[in-house]
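In what follows, structures are represented as C-alpha cells.
There are two complexes below, and they share subunit A, which is joined by subunit B in the first and by subunit C in the second.
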Partner chain A sequence: MASSSERNPPPFPASEKPEPGLSDMADGDSDSDEGADIFVSNSLPTSVSRGVSQPEEPADLFGQETPTAKPNRVYSDDDDLFAEAQADLSSDTPGNSARKDLSTSSGLPSARSPAALQPTSLEQLEEEEAKDCFDVDVAVTNPEKVGDGMNAYVAYKVSTRTSLPIFKSKVFSARRRFSDFLGLYEKLSAKQSLHGCIIPPPPEKSVVGMTKVKVGMDDPSSVEFVEKRRAALERYLQRIVAHPLLLQDPDVRDFLEREDLPRAVNTQALSGAGFLKMINRASDAVSKMTIKMNESDTWFEDKFQEVDTEEQQLRKLLAVVDSLVSHRKELCVNTAVFAKSMAMLGNSEDNTALSRALSQLAEVEDKMEQLHQEQAGTDFFIFAELLADYIRLLGAVRGCFDQRVRAWQRWQEAQSTLQKKREAEAKLLWANKPDKLQQAKEEINEWEAKVTQYERDFDRIGMTVRREVLRFEKEKAKDFKSQIIKYLEAMLQSQQRLVKFWEAFLPEAKAIA
Partner chain B sequence: MSSLRSVSVDLNNDTSLLIDIPDALCERDKVKFTVHTKTTLSTFQKPDFSVPRQHEDFIWLHDALVETEDYAGLIIPPAPPKPDFEGPREKMHKLGEGESTMTKEEYTKMKQELEAEYLAVFKKTVQVHEVFLQRLSSHPVLSKDRNFQIFLEYDQDLSVRRKNAKEMFGGFFKNMVKSADEVLISGIKEVDDFFEQEKTFLLDYFSKIKDSTAKAEKMTRSHKNIADDYIHISATLNSICAEDSTPNKKRCNRNLSTHFWNLNLILFSFLFFNACLQKVEGRVASDQELKLTELLRYYMRDIQAAKDLLYRRARALVDYENSNKALDKARLKGKDIAQAEDHQRQCLQKFDKLSESAKKELTSFKGRRVVAFRKNLIEMAELEIKHAKNNVSLLQGCVDLLKTN
Partner chain C sequence: MMQEEVNEATSVLSVYGHTIKVTEALQDGDTLTFIIVSQKLSGTGEYHVDRTYDDFEWLQQHLYAQEDVPGIQGVIFPPLPMRPQANASAKVMKQLGFLGLGEWQPYCKALETFLRQVAAHCILSKNKAMEVFLTSIDPPGRQKVKRNIFNRLSQAVGELRKEGHKDVDEFFQTERDHNLVLTGHARTAAEKFLDVALTEQKIAVACGHFAAALQICVENGDDPEKRAFSRVCAKLSEVFDSIKKNMMSVAVNDMNTLGLGLDLDWRYQEAEREMLFRRTCKLVELENARKNAERAKPVKKSAMEEVKKAAEGEFEQICKVAKQEIVKLNQERVGTVQKSLTQWCEQQLQTAKEGADIFNQHLQAFKAMA
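Entry: the complex of A and B
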C-alpha cells in the first residue's frame, strides 16, 4: 500500500512460486515494498488443496489487516491495523524475507524471527507495526437531516485520513447520503474484475425507520435508528477500505474523495431485506442450471456447506440476542418504576433511619436502571450488530461461490459450443464447402480462445474465492475476538460500578435503628 | 436455609418453645410439612416431637386464632400463602412442548433451570410457613393458645377438625367484612392521638408497600428472563463450537486449527463466560427475589394484619357507641336500663382492653418491622456486592484469556 506504483493484478497461479511462508509486513524497511501483490499467498490455496500441511501461516500476512472490528469509531493506532499487512511483499524476494513468527505460544515452527522483534504479546507486535503503517482511516459522523417532509434525507460526513498516494490529499471529507452507499455497493458488485471477491454488503434500507426520521429526528427511537445506521455505514466503509482490491477501485476513491456524486438511482433492489433476497435468488438460479458442476475440489463444497451452516447458527444466535436486548430494556423500565415506588415508600416510612435507607435504596435502583440501559446498548451495538453484519457477510460469501459456479458454467458452455463448431467443421469438410469452411475455422479459433479464457477465468475466480474466504475467516475471527473483548470489558466496567453503588448503600442499611 | 429466615425477627429471644420445619415433601400438588417442636414447657406432653401438616392445617389454625374473641386486640400473624407451583409448572409444560426445537444441551440446561426455580418456590413456601409458626411461638399470648398446641402436638390427621371448624366459623366471615375495612377505619372519630397517627400511617404505608411489592416482582421476573436468554445464548454458542470441530471443518482448517486466531477458541471462552454469567444472573434473580421481594410481600401481609386489628378496634368502638345510644334510648323509655348499662359497660371494657392491647401490639410491630428491614437490606446489599465481585473476576478472567491468546 505504500507503493507509489500501480498495483499489479493478482498473478495467475502458474506464475507463482510455491512459497509457503511470506514475510511479515512491518519490519523496518516496509518502504521497500515493490508494490507487488499481497495475495502472493495464491500459493496457499493450492497447497491446501494438495493436502500439504503448511507449518507456516502465510495468511499471517493478513493478520494485521483491518479495523473492521471497531464500529462507532475510527480505529486508533494502538489497535489492529491495516495496510502494513500489504506493505511488505517479499514473495518476489524470498531471500530477504524476514519471517516474523507472529504466534506467541502456538509455536509455529521454522520461522526465523529477527531477535530484536520478538514480541511478548500480539498487541505489542501490532503496536510496533502500527508505527510503520500506511493507512486509511475512515469515519462516518455527523448525521444531519437535509430538507423537509417526505423528501428529506440524512446526510453523513465521510471523513478519510490517509497517507496513501492514490488519494489526492491526506485528510478530506465528503457528505454522502444513504443511497450513495448503496450505489457504491451496486457498482462494485457489478464489476467483472471483482468477481469472486467478498464485497462487504451495506446495511439494509428501512422504510419504517426512515419515515420516522423524516418526520423528526428528536425522539429516542429515531436517534437510535440514526445511530445504528451511522455505525453500520462506518463499519461498511471500514471493511471496504480494508480490502486491498477494493481500496484500489476508482469508484471507492470517488466515493471518498469527490465533492459531488451522481445520484444512485437503482437502489430499489437493495430495499428492505433486498440484499439477501438478491443473493438467494441468484443461488436459486444457479442451482436450477442444468449442468451440475462436477467439483474436482471438495474444498469448495465443504466450505460452502460450512458457510451455510454458520449463517443459520448466527441467525439463531441473533434471535436470542434480540430477545436479550428487549428483556434488558424491560428490566430498565421495571427498575425505574420500582425505584419510584421505593422512593414513595421511603417517604411514607415513619422511622427516620429506615426512611432514609429506603430513599437511598431508591437511588441505587435508579443508578441500576442506568447501568441496565447502558448494558442494553452494549448488547445491541456490539453484540447484535456484529452478528447482523456477519450474517450479511456470509450471504456475500455465498454469493462468491455462486459466481465461481457461474464462471464454470460459462466455461462448460463455451466448451460445448466449441465442440459443436468442430462438429460443424467436420461436416463441412465432408460436404466439401470450402467457403464456409473458412468461416467455420475462424469460429473455431474464436471459441478455442474463449474456452481458454473462460477456463482461466474460472481458475482465477477459484483462486480469488479461496483467498478471499481465508482472508474473510481471519477477519471474522479477529472481529469477533475484538468485539467480544469489548463487550466483556463494558460488562466488567458496569459490574465494577455496581459494586461501588451497593458498597455505598451498605452503611446506610447498617445505620438503621 | 436458615439464612433465608430473616423476614420475621423474634424480639423476645425466648427459647422455651422452638419450632422449625426441617423437612417437607412435595406429593403431586400437596406439600407435606414436617413441623418440629422443641420445648421446655410443661403444657406439652413431650419435650421434642414432630408432626406432619398440610397447608390447609395452617389456614385452619390462622382462622381459629382470628375468630377467637380474646385475641381481638392482637395482630394475628398473616396466614402463609398457598404453595404456588403454577409458574414453574407452566414453564415446564412449555419447555416440554418446545423440546423438539432446541438442542439436547439447551433442553437440559433449561430443565435444570426450571428445577432450580421449582426448588426455590419450594424453599420459599417452607420458609413462609415456618415464619408463621415462629411468630406464634414468640408471642406471649398466642403461644399459649390451645389450638396452637393442638396444631403442634396432635399426632393424628387434623383434617377432621378442620372440617368441623369450617362449619363452626362459617368461613365467609373474614371475607365478608374485608371490604368494609377501610371505610370503617377511616370513618372513626379518633380521640386517641396514637391511633390517629397509626391509622393514617398504616393505610398509606399499606398502599405504598403493595405497589412496591408488585413492582419488585416485575423487576425480578425481568432478571429471570435475562437469565433464560443467557441459557439460550450459551446453547447456541455451544452448537457453533461443536460445529467448528466437525471433521469437515477440521479438514479445511487443518492449517488454521493451531492458529491462535481460531474462532473456536474465542467463541469457547465466550461460551464459558456465558454459562457462568447465566448461573450468576439466575442466582441474582432468585436472591433478589428472596430478599427484597419476599420482605416487601411479607410486610404487606403483616400490615394487612395490623389493619385488621385496627378494624376490630373500630368495630368495638362502634359497638360501644351503639351501646351508648341504646342506653340513652332505654333511659328515655324507662325500660331495661340495667341491661343497657351492663351492655354499655361491657362494650367499654372490651374497647379499652382492645385499645390497650392494640397499642402494645402496634408498637412492637413497628420495632419488629424496622429490625427485619434492616437485616434484609443489609443481607441484600451484601449479596449484590458478592455477585458483582464474582462477575468482575469472571469477566476479568475471560478478557485476560482472550487478550493473551
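Entry: the complex of A and C
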C-alpha cells in the first residue's frame, strides 16, 4: 500500500526529464519537472516515486511482478499505486489494464496462486513492453596497467550510455578494476531483497593470468588473457543492466557512475572455482536438511532437475569446444611451418617460374595462418565463453533455488518456535504466574508476526524464482541465437576471404609452365 | 631418346599408357587387391586385371634386373609407393606420409602414377614384365628375383661413404649438390603439409563431436522456452555438421592434389639421388679400374686394361642416359608441380565457394528463426 511507504522518494536531478514512450523519444517533455516517472510508457502520477529498489518493503514488493524478456525494463515496485491511479491511467496504453488486474489482488496476503494470474497478464505485458524499451548500453574497454610489480593491476574503462533518468547523465564512464566488479557481486548477492533473483556471476579470478600481466602486458598470452577478461567483464555488466531489478539497485548505479569506489576487500571467496564450490556447498547443506520440503507444486523439483541436467550437457559441450579451439591453434602453427618449408623449397628451385609460384604459395599459406588464428579466436570467444558463462549462470540458478529452500526453513523454524511459545504460555496460565504471562504474550505476538512475515517471504521468493527462471530461459535462447548469428557471420566472412585468396593464387599456379 | 635396339626380352606395350587406371582397392581379410584397367592399343576394348602389392614389387624387380640394357643404371626409376600396412609403426606411417592415411584413393592414384610413368618411359616400357603385368589374366609369377644393385640406397650402409665422392663432371657435381638440397626440402614440405591435412581432419572430427553433443541437448517438451532453446541447439548441430563436411573436403582436397604432388616430388628426388649414387659408385669403380690398370704388372696388365675399358664403356653409357633422364625430370617436374598446384587451387576454391553458400544459408535460417 502506498500509505505504508515510509521511504522518501529519492532526490531527482533537476536537469533530468522523465522518459516518454519510445515513439516520443525525440520530443522534449514539458512536464519534466515532475520528474516522477522512470517508466517509459506510463505517465504516472507523482506519487509513483519509488522507482528504485526498496529492500525494506517486503509484502507487496515483487508479488505482482511479471517476468518479461525485454532487457533493461524497469518496473514499478509497488503496483498498488496503480490501483489508486486507475483514473489517470485508464486512458493510457493497453498494458496498464493488465497491471490493474494484478494490483487489485495485490493486497491479499493469501494470494497463493500468482502462477494462475501470471500467464495471461504475462502475454499482455509482453505485448506492451515490446513497444517500449529504453537503452542502457554498457561497454568495458581500454584495459590499462596501473602501477608496477606485484602491486600492479589493470584498470578498465566502464562506459555507459543511457536515456534513463535514474542516472545523472546520458553518457558517462568510470575506471574500475577487477576487484570492483567482484565487490559489486558480493553486495548484490548479500541483499535480502534480491533473494531468489538470478544474479549474474562475475568472471573468475586467475592468479596465473594476473601474475603474467603484472610482469608485462605485451606477450601474446597476456594480451589474450586481458582481452578474455575484458570481454567477460563486459558481458557480466551487460547481463546485470539487462535485469530489471538489478538495474534499479543503487549499488549498480554507483558502480557505473561514481568517480571513486571504496576498495572491495572480501573477494577471496570468488577465486577460480571458488564460486562454484560455494554454490555446491550450499546445495549440499540444503540437501542434508533434516526437515524435507513438501512441494505442493512439482514445478520447483522438476526445474531443479532440469537445471542440473542442463549444466552437465553444457559442460560436455564446453569440453568439445575446448578441443576444437586447440586444434585450430594447432592448425595455425602447422600452416606457418608449412609456409616456411614451401618458401625454402621455392628458394632452392632453379626454374624461376616454379620458384616464384612456390614463394607465392608460401605467402598464401601465411594468409591462411592468419585466417585460422582468427577462426580459433571466434570459436573461443563466441562459443567457449558463452558456454562457460552459462555454466556459471546455471550455478547461480541453483543458488536461488537454495535460497527459497532456506526461506522455507526459516518459516518452519519460526512456526515451531511459535508453537513452543504457545505451549509455554499454556503452562504459565496453568501455573498462574501473571507477570511472566505478559512477557509470554508479547513473545507470542512477536513470533506470530514473524511467522506471517516469513511465510510471505517464502511465497515471494517462490514467485521471484519462477519469474527469474522463465526470464532466464528466454534470455538464454536469445543469447545463444544472437551469438550463433555472430559466429555464422564471422564464418561466412572468412570463407569469402578464403575464396579471394584462392582466386588470386589460381592464375599464378597456371602461369608456371 | 634411346634409339638402340634392345634384345628379345623386350616388347612393345599393347596399351595406351596414359589410360592406365587403378580403379579400386579391395580388401579381403589381410589381402589387398588393386584393380587395374587399361585401354588396348588396337581399340578393341580394355584389359582388367587384379594385382596385389607383391605383384607391383615383382614388376619393379624385373625393371631393375635389366642388366643387359646399356646404361640402365642411369635411369631414374619411377618410385613405387611403400607397401601399405595395417597398424603400421609411427616410423612407417611417417614414411608412408600421405599414402598411409587410410584413404585408398590417394594410394591408388600413386600406384597409377607409377604405372603410367613406367609405361611412358622409353626404356622401361619395353620390358616384357610390364606387358605381362598389365595384360595377363593370371597374376605374374611370384618367384623372387635375384638381388641387384637397385635395392634401396639405405641398405647399402657401407657404401654411403661413396656418396660424397668428388665428381669429374661439373654438370653432375652441380646436379648432385642441388638434388641433395632439394630432396631435403621436398621431403620436409611433404611432411609439413601432411601435418596440416591431419590437423584439418582433427578439426572435422571435433566439429562432428560438437554436432553430436548438441543433439543430446535437444528435447521435445511442452515448455515454450525449452523448445526455443532446443530449436537453437538442433539448428546449431546442423551448422557444425556442415562445418565438419566442409573441413573434411578441405583435407581430402589437400591430400588428393598437393599432398600427392609433394609426395611424388620428394620420392622422385629420392629416385634421382639413388641414380646419381649408382653413377658415383660406377665412377669410383672406374677410377679404381684405371689405377689398377696403371699399376698392374705386365702379366695382369692386359686383363686390367680390359676391365678398365669395360668400366669406361659402362660409365659412358650411364652418363649419357643419366643426363637425358635428369633433363627430362627437371622439365617434367615443373609440369607436374604446376598441375598439382592448379588442381589443388581449383578444388579448394570450389570447396570454399560451397562453404560460403552453405554458411550463408544457415545464417539466413537462423535470422529467420522466431
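In this text, the second predicted complex is superposed on the first by the 380 of 513 C-alpha atoms of A that agree within 3 Å, B and C clash if a C-alpha of one lies under 4 Å from a C-alpha of the other, contacts with A are read in each partner's own complex, and residues count from 1 in each chain.
Everything below uses one rule, namely that a residue touches a chain if its C-beta (ideal position, glycine included) is under 8 Å from a C-beta of that chain, and two chains touch if they have at least 3 such contacts.
On a predicted model such as this, the values are computed, not experimentally measured, just so you know.
K.L.:
Could you check whether subunit B and subunit C clash or fit when both are placed on subunit A?
P.N.:
They clash.
K.L.:
Touching A:Trp299, do we find subunit B (first), subunit C (second), both, or neither?
P.N.:
first
K.L.:
Of the two partner chains, subunit B (first) and subunit C (second), which one does A:Ile512 touch, if any: first, second, both, or neither?
P.N.:
The answer is both, since A:Ile512 touches subunit B and subunit C.
K.L.:
Please work out whether A:Lys476 is in contact with subunit B alone, subunit C alone, both, or neither, and reply first, second, both or neither.
P.N.:
Touch status of A:Lys476: both partners.
K.L.:
Applying the document's definition of touching, compare subunit B and subunit C: which contacts more of subunit A?
P.N.:
Of the two chains, more subunit A residues are contacted by B.
K.L.:
Would you check which partner chain A:Lys316 touches, where first means subunit B only, second means subunit C only, and both and neither mean what they say?
P.N.:
both
K.L.:
Based on the A-chain superposition described above, do subunit B and subunit C contact any of the same residues on subunit A, and if so which?
P.N.:
Correct list for subunit A: 306, 310, 313, 316-317, 320-321, 323-324, 327-328, 330-331, 334-335, 337-338, 341-342, 344-345, 348-351, 353-354, 357-358, 361, 473-474, 476-477, 480-481, 484-485, 488-489, 491-492, 495-496, 498-499, 502-503, 505-506, 509-510, 512-513.
K.L.:
In the complex, go through subunit B and note every residue touching subunit A.
P.N.:
201, 204-205, 208-209, 211-212, 215-216, 218-219, 221-223, 225-226, 229-230, 232-233, 236-237, 239-240, 243, 248-249, 251-252, 254-256, 258-263, 266-267, 269-270, 273, 366, 370, 373-374, 377-378, 381-382, 384-385, 388-389, 391-392, 395-396, 398-399, 402-404
K.L.:
Give every residue of subunit A touching subunit C within the complex, in rising order.
P.N.:
306, 310, 313, 316-317, 320-321, 323-324, 327-328, 330-331, 334-335, 337-338, 341-342, 344-345, 348-351, 353-354, 357-358, 361, 470, 473-474, 476-477, 480-481, 484-485, 488-489, 491-492, 495-496, 498-499, 502-503, 505-506, 509-510, 512-513
K.L.:
Any idea which subunit C residues touch subunit A in the complex?
P.N.:
Result: residues 178, 181-182, 185-186, 188-189, 192-193, 195-196, 199-200, 202-203, 206-207, 209-210, 213-214, 216-217, 223, 225-226, 228-229, 232-233, 235-236, 239, 243, 330, 333-335, 337-338, 341-342, 344-346, 348-349, 352-353, 355-356, 359-360, 362-363, 366-367, 369 of subunit C touch subunit A.
K.L.:
In their complex, what parts of subunit A are in touch with subunit B?
P.N.:
48, 53-54, 57, 59, 63, 103-106, 108, 121-123, 299, 302-303, 305-306, 309-310, 313-314, 316-317, 320-321, 323-324, 327-328, 330-331, 334-335, 337-338, 341-342, 344-345, 348-351, 353-354, 357-358, 361, 473-474, 476-478, 480-481, 484-485, 488-489, 491-492, 495-496, 498-499, 502-503, 505-506, 509-510, 512-513
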